Each structure stands twice: as C-alpha cells, then as structure tokens.
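In what comes next, chain A is part of two complexes: it sits with chain B in the first one and with chain C in the second one.
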Partner chain A sequence: MDLGPLPQLVVSGILTGLLFALISVGLTLIFGVMDVVNFAHGEFLMLAMYLTFGLALVGLNPIFALPFVALAAFVLGAIVYRLLIRRLLDGPPSTVVFGTFGLLVFLQGAAQYFFTSDYRSVPNPPFQGTLHLGNVALGEAQLIAGLGALVMTALVFAFVEFTEPGRALRALSEDRVAAQLMGIDVQRMNALAFGLGTACVGAAGALLMLTYPAFPRVGTEFALTAFVVVALGGFGSVQGALLGAILVGLVEVLGGFYISPALKLIPVYALYLVVVLLRPQGLLGRR
Partner chain B sequence: MTILEIRDLEVDYDGVRALQGVSLRAERGTITTLVGANGAGKTTLLRAISGIVRPQSGSITFAGRQIEREQPHAIVRGGIAHVPEGRRVFATATVRDNLLLGAYVLRDRAERERRLEVVLAMFPRLRERFQQRASTLSGGEAQMLAIARGTMSAPTLLMLDEPSLGIAPNLIPTIYAGIRRIAETGTTVLLVEQNVRDALQLADRAYVLQTGRVVIEGKAKDLLGDPMVQKAFLGL
Partner chain C sequence: MNRTLAVGAMLAIVLALVGGSAAPIRGAEPAEIVVGSILPLTGGLATTGQGLKLAQELARDLINGRQPYPLLMAGKDGLPNLGHAKLKIIFADSQGSPDQAKTVAEQLITQDHVVALLGTYASATTATASQVAERYGIPFVNPDSSSPTLHTRGFKTFFRTTPHDATFSENLFEFMSDVLKKQKKPPVHKLAIVYENTLFGTGAADAEEAIAKRDSYDVALRLPYGANSSELQSEVQKIKAAGADVIFQSSYLNDALLFMKTYKQQSVSPQAIIAQDAGFIDPNFVKNLGKDADYIFTRDVFSLNLKAKNKAVPAINELFKARSPGGNNLDGNTARDFTAVFVLADAIDRARSTKPEEIIKALAATNIKGSDTIMPWRGIKFDEHGQNTLGNGLVEQIQNGVYETVWPFDVATKAAIWPMPPWDKR
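On to the complex of A and B.
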C-alpha cells in the first residue's frame, strides 16, 4: 500500500508538535501554579530567538547557545515576576490579563524599534543535511529541534515530578492555602515557576532558530498556538500540554498539506472547539 | 508556661467581623480546645494564627514573639502547624508526598526520614497506603494523613480544625487516640471542634466561642458540667 506523503507529514507533524509542547509546558506551568495566563509568553520566545541570533552572529551554534539562553530566560522570568506580576496579583483578576497583555505590546514595540521588523535568520545555519528513513526525508535541523524540545520537556517534567521544589510547585497548583500551611513560600515558588516557564520558551526559542527566523511578531504566532494547546490539553497539566501539542502539530501539518497552507489553522481551531465543547476542562484537565 | 497568647483579636472575614476581641492562652504541652457553633469564628481564629487571614487589631504572641503580621510560611517555620478544616490533603499526590510536604520546612533529609517513621508508627494505616494517591483514601484515612502531615514538621504547636468532621464514627476514637499521643510527646495542641463532648473529655482547657467572642472559659472538665454548655452543646 502506498501511503503517499502521509508518513512524511506525520513525522513532520510530531516534530512540530514537540516544539509546541515545550512552549506550552511553560505556559501551563505558570498557569497551574499561580493562575496567571501570561499573554507575553510569546514575547519571551521572541526575545530568546533574538538572543540566539545575536549569539549566532558571534559564532555560537544555537544548540550550544540553548543552555545560556534558557538560563537568561529563567532569570528574566523571575525578575519580571518580582517586578511586575507579583504586584498585578494584588489587584482584581483582570489586572493580570491587562498587565501581561501590556507587557506583550511593550516588548513587541521595543523589538520593532530596536531590531526593526526584518526577518533574522542564523547565518551559516548548522545541520543542513537531510536524513532518509524509508521514503521519509527529514531535515536534520528540524529533527534536532524536535528532539531537543522533547528532551527539554522531559527535563521540566522530571523536575516537577521528582524533585522537592517540584513537589512544592505541584502542591501550590493543587491547593494554594494548604501549600502555605506546609510552610511553602508562595512568592518564592511563584518566581520559580515563572522563571521555569520562561526558561521553557527560552529553550524553545534557541531550538526554533534552527529552522525559523526571528522577527518582532514571531511570538504571537506561536503563543496563540500554545494557548490552544494548553486549553486542549487541560490548563495546568504538563502531560496534557504534550498530548495537545502533538495533536495540534499533526493537525496543522496535515491540514496545511491536504487543505491549504494558508488555511492550516482552521482545522486546529475546529479541533479545539470540538474538544472544548465536549470536554471544557481539556483532554487531561481537572475540574 | 504560656506558649501561645492571643489578646483582643479582631478579624474581618468576607466583610464581616468574625472575631470581636478574642483573648486566649495555651500552656505548653497541654491540649486546649475551642468549641462553639458553626460560624462562631473558630476557623477564623486558626487562620489568623497561621497567617492566612490578617487581623484588624490585637496581638498573637507565640513562644515570646509577636507573629500576627508574619507570612504563613514563616509561621510554619516558627513551629506552628495547622491541620485545616476539610483536611485539604493533596489529592493527586501520594501519601508519601503529602507527608514529605508536611516536612517541607525541615532542611535535613535524614530528619525528614526520621519524622516519617515517627508518624507512620503513630498511624500504621498510612504505611499500608504509602504509595497510593491521597484521592484513594477514605475520609478517616485522609484525616489521619492530614494530622500526620501536620506533625511531620515536629511543630511546637499543632492546630486541628474539626478532625472528627465527616469521619465514620467508628474511626473517631482512632483519630482522638492519635491526638492524645501527639500531645503526650510534648506538642501543644489547639483543637477546634463541634464534637463538644469528645473535645472536652480530651482537653485540659476549653474556650467556648459564640459569634466571635469568648463566652465561657475554664478547665475542660468543669465545662463538661457547666449547665449552659450542657444545654447548648451536649443536649442535656
């Protein structure tokens, strides 16, 4: 039986989905721990991409830049939490929405001003070869980006599941008051979660530069997909984000091929609407 | 020696004055109980002590230090554990993880393991359920877990909010025996109960709270014989 381009599309969809997963895990982690929907999540991705681009200009391969970019993103996230989000949390819930949306507009505007709206790609990009597995042809860069995202997602999952701070983060996301009664410092853990969530998009930004250009609005594109993934998988669920991301990656790639690249998001949102109508808490969400 | 002293505490809760000048003291190593009807302010008092709600005025002194403005995590670190109403165990976490979270403030790993053995010896049922998720426990087991979790940090003061609420009646003696044993190790206990008879039989000292004020206080044994207490709470 000739499956035509289907195997190629499925592999490509999964690899795309793995990058979505890393971005979405960051978003869902922040939401799970402090009930904040961070609208500026994509803008941190954009900043990480520019940082990776800058490091590439001085000759650093994005893969080697990744740990540094992720660490820088962690620090940035923790600082943004301390300076901004923490104060927003004292107000009514809509304050956080407008606050993080304001941060989105500010960061995008600043990028527009400082970096212009030109597309920036890594010069002399590494991993330009193609791997052939049967009749599936895989760009090395795409493969490394996808597998790198899988490794990072697994690391975040292991941190949340198997370490002591991870246990505290899970406790906080389940019952904030009970967690406080255990002696967990909410402000400190919120800063950790925001830093970790931002580090996820930081790592994703570095990986994305292997196959994608940086530009001021690049974050919006990916963040929108991440919101769909998180709602689809269930707010606050790391496994849900992984599952949702792979589904969205598959639907996007298959839809782009069989319908039209310009309309690839339509099946994604159709899937989202169906899941949310039938299971409002998302595939693996609680409540 | 007085370990906890509360003076003229006033607390607003949901826009209502829940505590209207409550004063109370607990002696080290004793069991003090706080009884009263629903809405009398018992839970609010515990929440004020653990820093979850902020008092409008008054003071809370614990082990010689004023704590009414401290953050909840600092209060736990200072030696107060609060087993909240409705247990509030972490349902998706295992029994083990719940207990380890109870020892979150203990930095020393060996000390945490040692505490784990102590509380498992106190509630053997939890050892059988050690790797199960807390959501699979019965109400009584979950209450044991909540109490065990509260004692994991080896607190100086253990506060229990309605430990017999929603528990199968045949398990209540087990829960109370556990509380008695915790007190025998020298831990000061502040027990909030609607189950007035059991609480008064267990405690050394008692306070009766009514619409945010202390209306009766005294030795628990004396309150058992108090006509007003008998009429209002014991159905005599």
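On to the complex of A and C.
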C-alpha cells in the first residue's frame, strides 16, 4: 500500500516537535516550580544561538558547543533570577508578567544593538547530508537536533524524577508552604529551576543552530509555540511538554500539507482550544 | 539654554560652510530651480531613505558641476537652456507614512513653490503624495515605487521611470524562454508558484500566474505561506509532490533561508528556482547559505557589472561610496533615484521654463537612450500613463557566491547555468 507522503510528514512532524519539546520543557519547569510565566524565554534561546554562533566562529561544532552553551545558559538563568525575578516575586503577580516582558524587550533591543539585525548561520555547518529510508528523506542536522532534544528532555525528566534536588523541585511545585516547612530553601531551588529552564533552552539554541539562523527576533517565533505546548501538555509537566510538543509538530506539518500551509497554525490552535475546554489543566497537568 | 545656543552656533557655522562651498561668489548669481523631494528620512525605512537622499544629492552636484561624465546633463554647469541655473532640491521627510507624505507634498508646493516633485520610495506614500501634485498640476517624477497600480490612475502629472512589478515578472519569463532557446534545452512546462501571503508576494504571484496562463504553462502548484515560519516542512512536501520543473518564489530573507535549507534536506531539485529579489538579494542570503545559495536566479534592478553598458558606472559608484557613511555601493534603489534627478533636470532644461505645465510637456516628450544612464534599461520614454516603457530588470544567478548578471544577454557577465545540479551532485 502506498502511503504517499504520509510517512515523511509524520517523521518530519515528530522531529520538529522534539525541538519544540526541549524549548517548552524549560518553560514548563520554571512555571511548575515558581508559578512564573517567563515571557523572555525565547530571548534566552536567541542568546544561546548567538553564543553557539560565536563558538562556531572559533571552530567549535554546535554539538560540542552544546554543553558549554547549556552551562552558560544555566549560570545566566541563575543570575537573572537573583538580580531580577526574585525581586519581581515580591510584588503582585502582574509584576512578573511585566518584568519578564520588559526583559524580552530589553534583550531584543540589546541584541539588535550589539549584533545588528543581520542573520547569522554557522559557517560550513556540519551534518549537511540527507539519509534516505525508503521514501523518507531525513536531513542529518534535523535528525541530530531532534534526537539531541529527546536525550536532553529525558535527562531533565530523570533529574526531576530521581534526584534529591529534583524531588525538592517537585515538592515545591506541589505545596510551597509544606516544602518550606520541610526545610527546602526556596530561593536556592527557584534559582536552580530558573537556571535549569534556561539551560534547556540554551541546549535547544545550540541544536537549532544546525538548521536555523540566529537574529534578534528569532526567539519570538519559537516562544509562541512553546506557550501553546506548555498549556496543551499541562503547566509544570515535563512529560506533558514532550507529548504536547510532538502533537503540535505533527498537527502543524500534517495540517499544513492536507489543508493549506498558510493555515497550518489553525489546526494547532484548534487542538489547543479543544484541550483547554475539555481539560483546562492540560493533557498531563494536575488540577 | 546654553546647549541651545551652542547647537545654534554650530548650526550657523555648518550652514555658513555648506553655503559657502555650494554657492561660489560670482558677479551675476544664476537663478535656482527649486524642486522638492519626499523620502522616508526617519522611521522604519530610514536606512533606505537616507541612501536615496545621498544619491539624489550626488546627481544634483553632477548636474550643477562642470566635471563631465558620459551621462545626460552631467557637467553642464547647471541647466544650460536656463542660463546655467542651478538645480536645488528641498528634501522633506515622509516618515514612511502616507498621511505625512501628503502633508509635506502640500507644504513643498504651497510654501516652497517647488516646480516639480520627486519621490517617495514606498508605493503607499507615492500614491498619496502624487495625488496632491496632480491636484496642483505639479509634475511628479517617481524613481522607485514598483506597485503596478500607481500609473493606472489617469493622472496627467505622474511620471515613473522605474519598471513596475508586472514588468519584472514578465522579464523573468522572457529570461527563461530566452535561456532555454539559446542553450537549446527542452522547453519547460510545469511551474510551481511559491509566495509569502502579504501584498508583495501575492502581487508577484498574481503577475506570474497571469503570464504563465497566457503563455500556456501548467501551474502545477500555487502555494501561499505565512511569512516567518519556524518550520517549512509541509510547504516543502507540497512543492516536492507537485514535481514542478521550475519554482517561482517570492520570499523575504528569513523564509528564503529556511526554504533553501529544507529544499536541501528533502532533496528538492527542480531545473531552476527563479526568485523575485527580496530575501534572495539580501547580502545575508549568500552569507548564511554559503555554497548552498548557488544556482538561484533572481531579478534585480541594477548591477555594478553594468560598466559594459556605461563606463561611468564604476566612477559614479566610487563617488557615491565616498559620500555614504557606511561606504555602501550603489544599489538598485540608489541608482534609480540618482537617475531620476537627471530625467527631471533634462525635462526642465528642455522646457526652457519653470512653468509646471511646460515641464509636464517636456517630461511627456522625454526620450533618453539607455546608454546615457547608469541603468540596464533600453531607455526612458513615457507612455500616456506616464510609465517608462523602455525599462527592464536584470536576471542574476548566484555562481560561486557572486551575483552574476545572466540576462539581458548584452549586459551579462556569465552564462546561465541551467538546470541547477541536484543537491547530492554538488
């Protein structure tokens, strides 16, 4: 039986979704632990892409640059938490919204000023071949980025589920007051969560540089999808973010092909609306 | 207060210096011919607008100077038929806004008493400013707006030197059939038209589809897509499934880059990809894609390679570069604005008058040879709508990372490489 382009579309959709997943996991982690919607999440992605680009200029393959970029992003995230987010948390809830949105505007403006609005791609990027499995064509870079995102997401999941600090993070997201009473240091854990969330998006930035150029507004294009994914999968749920992201990737690619590419986001948002109507907490979220 | 004084004093000094150098003291000062120029000098289009201002100033100085260049009206020490009167351009800022363009057009006409208007780059601002000129009966020369709707409004005062988008699309099809004939390649049947779904892409796609239907090509796919996508998988799958011989594409930079990467990933290798400039002529296109940018065809309005046609091109480019703060070369926009000032000066000179109706008559009678300009055009001659009928675009192909002119053949720097090699054979 000839399935036509269907297998190709499914594979492309899943790979696209995996990258969305890594970006979204960071966002959902931050939200789950401290109830903060970080509007500047996409801008951390942008900074990570520029850092990867800079490292590529001195000859470092984005894949090898990934640990450094993720680490740098972790440190940056922790610093931003200490300097900015911690203070915002003292105000009314809307302070955080405006604060992180302000950070978005600031980081975009700074990038525009320092890096100009030019597009930057890794020179002579690695993994430019295409693998053919039957009718399915797989870009090597796309495949590596997708699998890399899957591995990173799995690592984050393992960290949150099976380690001591991970348990503390989960305890905080389940019951803040009780966790504090048990002797969990909220400030440290918040900084850890924010750093970890930023590290995820940092790793995603390094992987994304295999297939996508860096420019000051690049974060916005991915952050919007990440917000949908997080709401779809359930705020604060790592598995939910993974599931939501793959769903979004599949629906976007299949919808684009069988309906019309110009309307490809409509099925995505339709799915999102249906899920939030029937399960306001998201697919795998807790009430 | 002190600061205001200091700024005022500096302004006075600058004005004195500029005035001193521009108007040498003579016994009998020749009269000035004052024209107005409306450009987006601030706002989102400011980078382009400032460049256009420099280009018009350079043209003005060449017309008013004595240094001869093989260009119409250059080095004649002003307008000879009007007692060597000097051309003066008053610049006004449209801010890229149609309303503002209208307001400043009105001011230039009623307060500065300009005899003609130039401008305004963006089609939307040209539409409103030229309307004011039409009402006052003042000639309006438009160097650089490409919307096909501008010259079909029945205006008597509107003259456009640049070809418009429908002509450019026509050129792409002429190029395709010319090149296939010349290289004795089999004719092409199946086309895909891929475009971003705002005004630019839709307009280009409409023009392309109309020509394709008229010339009985098979448009296998007409694919609009939303600009600034984070992935283009479904778009490229549709294109792949259509199996077209040639892809006609209109995309801004971001999408152009992502399309090329996805084409490569999915081994989409048509005979040719023919683009409507935009993202495909952005300096970032080749910088980001490296050798993967090769073999793309794109239209352009100007090229520094045109020295084959007019020896003045490199010299003019050097003059322009020296004045440009970023050391920019002349490009399609600045070259067109540079040229339009000559067209207007020539008309005023032939009119032997500063009366708007005489200048309009002279403009209508314009007949300039392409070789007297720096443009790739066959010439400048207006039809009854005020549209230049002798204009044409260029087709370039990226070969080894360089934009080589491949059409029209008489100004070509390289032969077109057709078909483009498949991705795995590069």
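The criterion applied here is as follows: the second predicted complex is superposed on the first by the 287 of 287 C-alpha atoms of A that agree within 3 Å, B and C clash if a C-alpha of one lies under 4 Å from a C-alpha of the other, contacts with A are read in each partner's own complex, and residues count from 1 in each chain.
Everything below uses one rule, namely that contacts are C-beta pairs under 8 Å (C-beta built on N, C-alpha and C of every residue); 3 or more make two chains touch, one makes a residue touch a chain.
None of the values given here were measured: they were computed from a predicted structure.
Enquirer: Put chain B and chain C onto chain A via the superposition and say whether they clash or fit.
Expert: fit
Enquirer: Can A:Q108 be said to touch chain B (first), chain C (second), both, or neither?
Expert: Neither chain B nor chain C is touched by A:Q108.
Enquirer: Considering only touches as defined above, state whether A:R167 meets chain B (first), chain C (second), both or neither.
Expert: first
Enquirer: More residues of chain A are touched by which partner: chain B or chain C?
Expert: Chain A has more residues touched by C than by the other partner.
Enquirer: So, A:L265: does it touch chain B (first), chain C (second), both, or neither?
Expert: Only chain C; A:L265 stays clear of chain B.
Enquirer: Return first, second, both or neither, reflecting whether A:T100 touches chain B, chain C, both chains, or no partner chain.
Expert: In the superposition, A:T100 contacts neither chain B nor chain C.
Enquirer: Once the structures are superposed on A, label A:M182 by its partner contacts, choosing first (chain B), second (chain C), both or neither.
Expert: first
Enquirer: To the nearest 10 degrees, give me the chain B-chain A-chain C angle using C-alpha centres.
Expert: Taking the centre of chain A as apex, the angle works out to 150 degrees.
Enquirer: Could you tell me how near the closest CA atoms of chain B and chain C get once both structures are overlaid on the shared chain, in Å?
Expert: 36 Å.
Enquirer: Which stretch or stretches of chain A touch chain B in the complex?
Expert: Per the stated touch rule, the residues are 164, 167-168, 170-171, 174-175, 177-186, 286.
Enquirer: Touching residues of chain B toward chain A in the complex: what are they?
Expert: Contacts found on chain B: 50-52, 71-73, 76-77, 81-82, 84, 88-93, 97, 100-102, 104-105, 149, 153.
Enquirer: Hey, which residues of chain C end up touching chain A in the complex?
Expert: Touching chain A: residues 197, 223-226, 228-235, 237-238, 240-241, 253-254, 257-258, 261-262, 264-267, 284, 287-290, 423-424 of chain C.
Enquirer: Please output the residues of chain A touching chain C within their complex, sorted ascending.
Expert: Chain A reaches chain C through residues 4-5, 8-9, 12-13, 16, 118-121, 123-124, 128, 130, 137-139, 141-142, 211-213, 215, 221-222, 225, 249, 252-257, 260-262, 264-265.
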